[in-house]
Amino acid sequence: MGRLTEDANGVYIIALTPFTDTGALDLESTDRMVDFYLERGATGLTVLGMMGEAQKLTTDESQVYVRRILKRVNGRVPVVAGVSSTGFASMKTLTDMVMEDGAAGVMIAPPATLRNDQQIVNYYQQAADFLGDVPFVLQDFPLVTSVTIPVSVIQAIIDQVPTCVCLKHEDWPGLAKITALRKTANEHGKRHISILCGNGGLFLPEEMARGADGAMTGFAYPEMMRDVVHLHREGDAAQAQNIFDAYLPLARYEQQPGLGLSIRKYVMAKRGAITSSTLRKPGTILSKDDVSEIERLIERQTKRLLELGQ
Amino acid sequence: MGRLTEDANGVYIIALTPFTDTGALDLESTDRMVDFYLERGATGLTVLGMMGEAQKLTTDESQVYVRRILKRVNGRVPVVAGVSSTGFASMKTLTDMVMEDGAAGVMIAPPATLRNDQQIVNYYQQAADFLGDVPFVLQDFPLVTSVTIPVSVIQAIIDQVPTCVCLKHEDWPGLAKITALRKTANEHGKRHISILCGNGGLFLPEEMARGADGAMTGFAYPEMMRDVVHLHREGDAAQAQNIFDAYLPLARYEQQPGLGLSIRKYVMAKRGAITSSTLRKPGTILSKDDVSEIERLIERQTKRLLELGQ
Amino acid sequence: MGRLTEDANGVYIIALTPFTDTGALDLESTDRMVDFYLERGATGLTVLGMMGEAQKLTTDESQVYVRRILKRVNGRVPVVAGVSSTGFASMKTLTDMVMEDGAAGVMIAPPATLRNDQQIVNYYQQAADFLGDVPFVLQDFPLVTSVTIPVSVIQAIIDQVPTCVCLKHEDWPGLAKITALRKTANEHGKRHISILCGNGGLFLPEEMARGADGAMTGFAYPEMMRDVVHLHREGDAAQAQNIFDAYLPLARYEQQPGLGLSIRKYVMAKRGAITSSTLRKPGTILSKDDVSEIERLIERQTKRLLELGQ
Amino acid sequence: MGRLTEDANGVYIIALTPFTDTGALDLESTDRMVDFYLERGATGLTVLGMMGEAQKLTTDESQVYVRRILKRVNGRVPVVAGVSSTGFASMKTLTDMVMEDGAAGVMIAPPATLRNDQQIVNYYQQAADFLGDVPFVLQDFPLVTSVTIPVSVIQAIIDQVPTCVCLKHEDWPGLAKITALRKTANEHGKRHISILCGNGGLFLPEEMARGADGAMTGFAYPEMMRDVVHLHREGDAAQAQNIFDAYLPLARYEQQPGLGLSIRKYVMAKRGAITSSTLRKPGTILSKDDVSEIERLIERQTKRLLELGQ
């Protein structure tokens, strides 16, 4: 598989990291999960992301896990690895490791210490200098990073840092950002980069209409994102929204900060994609009420999809 | 109308503050808006809340506005006024003013400077001391206030501050909080206070199932909240969820931070509840794309509700 | 007295708000405090600042207090009033009130909600539009406001907002900001505005050497700031530093966030400038240990100043 | 050398990480720096701290550096290593590595995501569970971590987590915390743990008087901390303060957030303790003005110490 480019599109799933009930890496489930994602339309995978419990892995575990993913994917789709770190040295160590092993690119979120426009631009310039000729995804997720990146700063990074090939868009609200970035590229002949959207797909129909290239996020039903992206490209926005609406009650429920990952793992285990829904500590645990709410939402969702002929 | 009590329930709408196109208070629209809310099932009104642009009003304007609301309501439902302030002196001035004019109680959000459990308890004790015998709503909205209030602290305030009669619940995620508070009250014989939920109603079916007494939030279709609360009480959770699901795509869209108030005012103006959708400066302005997305969501919502026989 | 201009210099003391032991405004002490400040070299006063417990005053009390200050000052020095507010409407109400009563200008801190460069510039443009022809001080105090204002943004405000005549400089570290602003003004022929420094005077010698025009801050010994500013202008940096060093142990002690105001009021009461050291609630109370540490530092300071012939 | 215990006292210097001009680890300087610290009274060293640029080292570099330190120290004093991490897995990897290599204990700062009392206690319990029988220092540094830890929470950790043997105290203001912790231990027979203070030693005389056991911080003149701690123990608080006052102007200057490390490295290079003052990127660079201010402060400090007979 080649390197990540400005043409990235479709659905890049933020992959889980499966653990056994006792918290060990579950590599057998990792294989199964990869197949699950690819069978449901993933056009790329993103590993070691925030929702991948990356921060709970040792460096050695990260390598074992990423290698397993890459081996199973076997070049069918590009794999992007999150390498955000408090220091450039460890970011580079991790980047070199995953690129050597066959990743297509890396993803970098801004550290919370950045506090104004110029600092953000400088940070990405320095990071790019450190990483050399490695394509990267700029992650714009203020709710978690506490760093607000205005359109002018994203555009400055696009202009000044050629290895920035993709925006993981998850500002909230963020629709106007897509419109502004596309407008600037069109009117001023700026470089077009890939925009893949996050936030669990909760605004995917609108994001596609505004000019996004797809999604880069997680949701226990990747087929929702596959269908919404596909139908939008086919020009059938109405059916895209019908599908979306059917999944929305559960997608909304899964988008609860902190709790969301437990919900996603529960559903993924229920669907057979992974063996255990265990989060490595520290992690939230679902209550009986949570589980019965999830089960109820899935039941209703299944029924609604049937009505839609899905 | 009497004072706010621990029995508050139903739908307390967070009322808008209508302005004319030039940013002046629009008192004629204020009357119309009150009627609009009450006709659609409001069992209470909350004024001068965060989504009411309270912070853009002078003290005199606040009084004029609240008096107009109270006059129009004319005792039909209780009116709660937001009095959060950086200082107790101005909080008390505002409280005395609105209570004198006929409000049923006040609402207090914690200042962002509170940084641990004891500070939060102390703050509410001191505030209650200042305000004297005035029932108040504790607003728990960490996304905006930056203050996380654990269940133990809410319970301590319930135990130690008798004038705290209601929790405006909008932590996210927050379902477990409702369950924990109800469990503590039941098992340990603690005082039961009213729990009214926020976040635009986005989790209202689950919140009612967990033991909430209703909603205290805004949404341009108050009838959604009325129906969900009502049907839950009637025991028809399935139909409650059907109604909820029909409104969810728009409710999700309206829940965009910052932008949400513009969306709500646009829809309220479209529905004839207020004359102008203008926000007082500084405020966001909807783009052409925003408007067409709203219109499309409303159209689909209307169709879906018809299918449900609504 | 005229209006605040770009030529403001010397020592603008951030005035206390004196209360009686029971928390009522102490107007008699207010008179005494004004005299105390002016006798010790204040070239201006700033009232209703963060350290003036402004947020604990009602609007009526603010007016009574500011009028009393203005009456006692009686045109001898300019008086600036803090008018920072969550909304422009109440900011304008307060501004009109104090300017009508004779203030020379106002001071505006950025609200914590501002999150990038353009938002900060917009905010000050809108505020200036609202306030009309009223000179204002831009308060740059990230430790408290959480808003970082880079040099480029301060310069943009200087360029675009003619009523911005003074910077209250209290970024930490902030020395490079003074150097950069002065350099830009000199090399590019930009408008020169007054730079008055905060942080309790803890970096005043270096700030004066970098091009500041004086101080706008509080410290229970205003004569320290008077002497440092004066000696720097006379070209005697060495003696300025001698004086500064003698006061530094206490200045450092007074600069403890939160606790600092209690310390300052204690010393001011001890020096006879105000009657009671009481802070209005909520406010910290000094412990016996705090008091004995203060007393010890004052004793040593007095001795050291004697050795310096002061 | 044994393990860190509740009896830790004196001066634990937060060690720099020396780099060459090109940003490589400078192991020769590391040796020299160790000798420099020990000759000036260090009773312990803390490595991989926030001011040690730990976050800029790869895991391999961290090991090389810590081993070099331990080899040079050769058991003369205990060495503590900072192991704060976003995940327990990497925290444990690093801890096992340094303890295996001969460290006496580790230091753990709370992650910024902790948002209430119980979460903080849980975090330290879980961390301690993960690390097993390894003594650790609880770092309380809200200015940088954004986590406020009240006295009740520190006491709960002392009560519930026996491997917590030391508090790195750098809340600001924080004097009352020392008094409260010592009082609780004395009156209620609680376990006494070591309290070593930070913040560049800026409150060291008062901290010693309140019951601290010493300092754990950096300053380019460790002899200041050695003397203040020593003289306090000898009962000569007056001379301790004389020494302190002589160093205070520079200590204040070095305590500028962000810039401080560049200042410290500059002075350490000037004193011959390390070869290059280079910070690894990203790091601030001193201006000509900064350097001349430092030189001037050192010159005055030397003169003042001579007057004191030092």
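In this document, chain identifiers A, B, C and D correspond to the written order of the chains, with residue numbering beginning at 1 in each.
One rule holds for everything that comes next: a contact is a pair of C-beta atoms (placed from the backbone, for glycine too) under 8 Å apart; a residue touches a chain by one contact, two chains touch by 3 or more.
All values reported here derive from a predicted model rather than from experimental measurement.
Of all chains in the assembly, those touching subunit B and also subunit C are A, D.
With angles rounded to a multiple of 5, the C-alpha fit of subunit A against subunit D returns 180 degrees of rotation. Although subunit C and subunit D share one sequence, what matters here is the overlap of their interface residues, and that overlap exceeds half of the numbers used.
For B-C, the equivalent interface within A-D, A-B or C-D is the one where over half of the contact pairs agree by residue number, namely A-D. For this pair, subunit A with subunit D, the centres built from the Cα atoms lie 39 Å apart. Subunit C and subunit D have centres, each the mean of its CA atoms, that are 33 Å apart.
Subunit A and subunit C have CA centres that are 48 Å apart. Multi-chain contact residues of subunit B (touching two or more other chains): none found.
Taken pairwise by the contact criterion, the protein chains are fully connected, each one touching every other. The part of subunit C that touches subunit A in the complex is made up of residues 115-119, 142, 148-150, 152-153.
Subunit B makes touch with subunit A in their complex at residues 172-173, 175-176, 179, 202-203, 206, 209-210, 241, 244-245, 248-249, 252-253, 256-259, 287, 289-290, 293, 300. Subunit A meets subunit D in the complex at residues 53-61, 85-90, 92-93, 112, 122-123, 126, 130, 280-282.
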